[in-house]
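The two complexes that follow have chain A in common; it is paired with chain B in the first and with chain C in the second.
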Partner chain A sequence: MRLKTKGSKRFLIGIIFLLFFSLVPLLARYLSPYEPDALDLFNIEAPPSLAHPLGTDALGRDVLSRFFYGGRVSLLVGFLSSLFSVGIGTILGSVAGYYGGKIEIFIMRFTDAMLSFPTTLLALVLSPIFNRYLPDLPSVWRLIIILAGLGWPFTCRLIRGEVLSLKESTFVEASRLMGAREAWIIRKHLFPALLPTVIVSVTFGVANGILAEAVLSYLGVGIRPPTPSWGGMLEEAKDLVTLTSMPWLWMPPGIAIMLVSLSVNWLGEGLQRRTRSY
Partner chain B sequence: MKGCYTGMGTDKRSLVNVKNLKKYFQMPRGTILGENVYLQAVDDVSFHIDEGETLGLVGESGCGKTTCGRTMVRLYEPTSGHMYFEGQDIFKLSSKEMIPVKQKMQMIFQDPYSSLNPRMTVSDIIGEPLEVHSLITNRRERMERIYELLNLVGLTREHANRYPHEFSGGQCQRIGIARALAVDPKFIICDEPISALDVSIQAQVVNLLEELQEQFKLTYLFIAHDLAMVKHISVRIAVMYLGKVVELADKLDLYDNPLHPYTQALLSAIPIPDPDVERQRQRIILEGEVPTPINPPRGCRFKTRCKYVKPECAEEPPLKDVGGGHMVACHLI
Partner chain C sequence: MKSLGRYILDRVFQMLPILFFISVVTFVLLYIAPGHPLAYYLDPSLSPEELSARSEALGLNQPLYIQYFKWVGGLFRGNLGWSILRGRPVEEVIMERIPATLLLMGTSLIISVSVGVLLAVISAIRPYSLLDSFLTFLTFAGLSVPGFFLGILAIYIFSGRLEWFPVGGMSTAGQDFSFFDLLRHLFLPSSVLSFINICGFFRYTRSGLLEVMDEDFITTARAKGLSETAVVVRHGLRNALAPTVTLLGIALPSLIGGASVIEVVFSWPGVGTLMVTALYQRDFPVLMGCMLITTFFTLVGGLLADIVYALLDPRVNIGG
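On to the complex of A and B.
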């Protein structure tokens, strides 16, 4: 793995931003001046002040505290949905690519079918269905399951292609020729070669997950209030009055979403450069 | 009779004995209801290789020589035929039973770079067969064996921790040879091991292969299209055309007295390093293209390009012995 390469600065910025934006929500409990749900009815829609550094919302809740706690939810959704979807995609993609035949046809046609649906629309439909049949499922988990369930086909296709070419490569043939068993080939040749792709997919997936959380919460089918999330905060601030006269309500989550997804993308790009084989 | 080679003029015990080997690849059908189409890459090939001998296998690109080598070690599953190795028909073995056999048969590949995993160090690459066959018990033994193998192929222990991309093509091929030798094989298939290398490096690698053959009593199947190199390293040479062996003879016999029209044309293409002789060299230039192996000509496969073609060439000529183990498949002889 080469550390210094073109775009090193962006890679570094990506790491620093991401560290910052992961640490802050993780330490939300200690950093937040108030409870995220604490109402201060005497201070409704107050602009930033010393008592409330980012002001308060329509119910008098501290925006800074909600921002910290909301980041926790957004990042959790981003990371977990990405991990799950890449996990499913990697397993199905490897099975399809390695074993071929009917299994491959079945998995890949199903993948094609999944990819042909617009993701957001499908999520919009799935969300109420989940609500109806699993009403006790916390909205965070509902969102993670939906996003993971819709995200895996991308990875599946990517991994299958890679496994297909690896399976036919001469060094795998050489290994097979010397009498190596399937498990050995998968462990020694396939897995290490897939690892860079998997890591990069996970990183890009995090950015997608955070954005999807924002989009779905904004559309009202994501994280249910009162649980704070960045997307949910944007949703609450979408009326014209708030947009024009109370920027402290939507600027922090908006900027945070932008910066996090940007830095995750930079990180992914940097990892891609550094783990590419020669 | 098991393992004894009979039927083609010699009864010496042969290490490798290929009988009626066929490898057809199924091609995508033109229409869904159409007939299955097969590419006849190797069609009814038989030969034997004695212990310690090198058999050269030559022919132009696409004639099936590489497929033949790969099918022999079951990288491709044979369509039909037998391959006796030390008297045992290895095409009948299950993949589990193949594992000990695979320890005795190895292959050196055409592209030295792609045959080495770019993510593994040289010591991991050479150590892989040792671990697969559990030939080593501890780390020290493993490293000692790896250093020993590196020395054998003309590399040093400093090379052990580097990656394949840090080496030249010739060095990579040496690593590939070291890996093949790691399991102490008896039989090595050299699948165009020098075609991808510089001319100056080719000689070094061929010499190395010869030295190793002497030292370890190896048996080679040397697949190549460089006729001069094949003549140098082989004892006998088989010439393939469109999936069939058309001529098989002792190398001197073959080069001095080629009988098959295709062999004659092939050999006339070798330049002679003597300007006076070279000037008088008559090149036989073949007309037309090689027919496709998907639908090869019936009868003699060479009839579409042969200038001596006769009516009986519509019948398939058998590979017959014309004396002294010189075999040729042609109706004219």
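On to the complex of A and C.
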């Protein structure tokens, strides 16, 4: 892994931004001036002030505290949905690529079919269906399951291609000729060679997960109140009066989503460049 | 080498299992979706006998696979189902929203392809120059930003603060239709959409161009003494357009299906807004109808992109 290449600055900025944005929500409990659901009925929809640095919402809740706690939820959704979808995709993709034959045809046809569905739309449709059959499932987990269930085909395709070319590569052939067992080849050759792709996929997946949370919560089918999330806070901007006259309610989470997704993508791009070694 | 017609036929044939899968998934989702079709008839004055007669008339007592085949048979006749909430056929409800979506998405697509490819060519003539680096940075950032947040920001700045443009919709209420009024409403949503799409087209075309510029025939063209602009535009571009064409194929379904979130942000009365409204009203036949159409055009887009790709690049062996 080479550390110094072109775009090092962006890579570093990406890491620093990301560290900052993951530290802030992790420390939400200590940084927040108020509880995220504490009501201050004397200060409803108040603009930013010393007592409430980012103002308050329609219920008098402190926007800064909700912003910290909301970031925790958004990052959690982004990270876990990415981890799960890349996990499923990696397993299915490597099985398809390594064993070939009927299993491969079956998995890849399924993947193709899944890829032809419009993802956002399918997520919209699935939310109320989940709600009907699993009404007690917290909206955070519902969203993570839906995003992971819809996101894996991208990784699956990528990993299968990689496994196919690795299977034919000289070093795998050499160890096979020397009499190495299947399990040994998978553990010692395939897995380490796949790791960079997997890590890069997880990284890009986090950004996609955060964006998907924002879109779905904005449309009202993602994270449900009272749980704060950045996307849920953006939903306030659906109201035209709020949009045009109370920017403190929706601008901070929007800008945070922008910066986090940008830095995660920079990080992913940097990792991709550094690990493209073979 | 097989003929192009045979190639298209093969590709269509390959699509059949996928179409079958999609139809099954859609049917199952429709079946398990909240809001039973009979729920709308649940009138307390109805006796159980009358209710079962209704159910019989709607074919809900038949085995599931018969219901599925009836539904698929309907699809082939262009019958997408019945929106009980609206009391009209689904295809009619969707059809009347298509012009608005086509106008918005078509405008944005034309702008973004032409501007995106143009910028990519300018960038590729002097790769890694200041301008190229700036555009590469800007488009990378553009692709990382959620589009609907840009839309909200645009409304806040240009409609809320500056009051240059209306906050949404397609026409001013209580005013006769005028072309200028339509343009004023179209400006913000199509600009936001174009910006996002330009980023995609720029990056795909630029990377395609840079890859082609290393080929031997480009060196030959340079050796002939052609200017760099002529080399890029006349020799490079034609061979670099494959990824751009793929992206165009991906964009095709959005022409019909719309960009739901952007349409909602700007209350644009298109198919995207219809889907989200149908979701809120739990009008699943309409929602699934929109999804079915979008998915179908996704497949068609992929097919068309492959065909154009084969025509464009002589190295692609369509017999393969």
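By definition in this document, the second predicted complex is superposed on the first by the 277 of 278 C-alpha atoms of A that agree within 3 Å, B and C clash if a C-alpha of one lies under 4 Å from a C-alpha of the other, contacts with A are read in each partner's own complex, and residues count from 1 in each chain.
Just so it is clear, a residue touches a chain if its C-beta (ideal position, glycine included) is under 8 Å from a C-beta of that chain, and two chains touch if they have at least 3 such contacts.
Nothing here was measured: the structure is a model prediction, and the numbers come from that model.
Novice: What does the overlay on chain A give for chain B and chain C, a clash or a fit?
Specialist: By the criteria stated at the top, chain C and chain B fit after superposition, with no clash.
Novice: Counting only touches as set out at the top, which of chain B and chain C does A:G179 meet: first, second, both, neither?
Specialist: A:G179: touches chain B, not chain C.
Novice: Looking at chain A, which partner touches more of its residues: chain C or chain B?
Specialist: On the superposition, C touches more of the residues of chain A.
Novice: Does chain B (first) or chain C (second) touch A:S116, or do both, or does neither?
Specialist: Touch status of A:S116: second partner only.
Novice: Please state, to the nearest 10 degrees, the angle that the Cα centres of chain B and chain C subtend at the Cα centre of chain A after superposition.
Specialist: About 90 degrees, rounded to the nearest 10.
Novice: Look at A:S165 in the shared chain and tell me whether it touches chain B only, chain C only, both, or neither; answer first, second, both or neither.
Specialist: It touches nothing on chain B or chain C.
Novice: Determine, under the contact definition given at the top, whether A:S49 touches first (chain B), second (chain C), both, or neither.
Specialist: After superposition on chain A, A:S49 lies in contact with neither partner.
Novice: Which of the two partners, first being chain B and second being chain C, lies in contact with A:H189: first, second, both, or neither?
Specialist: First partner only.
Novice: Nearest CA pair across chain B and chain C in the overlay: distance in Å?
Specialist: In this superposition, no C-alpha atom of chain B lies closer than 10 Å to one of chain C.
Novice: In the complex of these two chains, what residues of chain C are touching chain A?
Specialist: 17-18, 21-22, 25, 29, 32-34, 140-141, 143-146, 148-149, 152-153, 155-156, 159-160, 167-168, 253, 257, 260-261, 264, 275-276, 279-280, 282, 284, 287-288, 290-291, 294-295, 298-299, 302
Novice: Give every residue of chain A touching chain C within the complex, in rising order.
Specialist: My answer: residues 109-110, 112-113, 116-118, 120-122, 124-126, 128-129, 131-133, 207, 211, 214-215, 218-221, 234, 237-238, 240, 243-245, 247, 250, 254, 257-258, 261-262, 264-266, 269.
Novice: Please name which positions on chain A make contact with chain B in the complex.
Specialist: 169-171, 173-181, 184, 188-189, 192-193, 277-278
Novice: Please output the residues of chain B touching chain A within their complex, sorted ascending.
Specialist: The contact residues of chain B facing chain A are 73, 75, 98-100, 102-103, 105-107, 109, 111, 114-120, 128-129, 132-133, 163, 165, 176, 179, 183.
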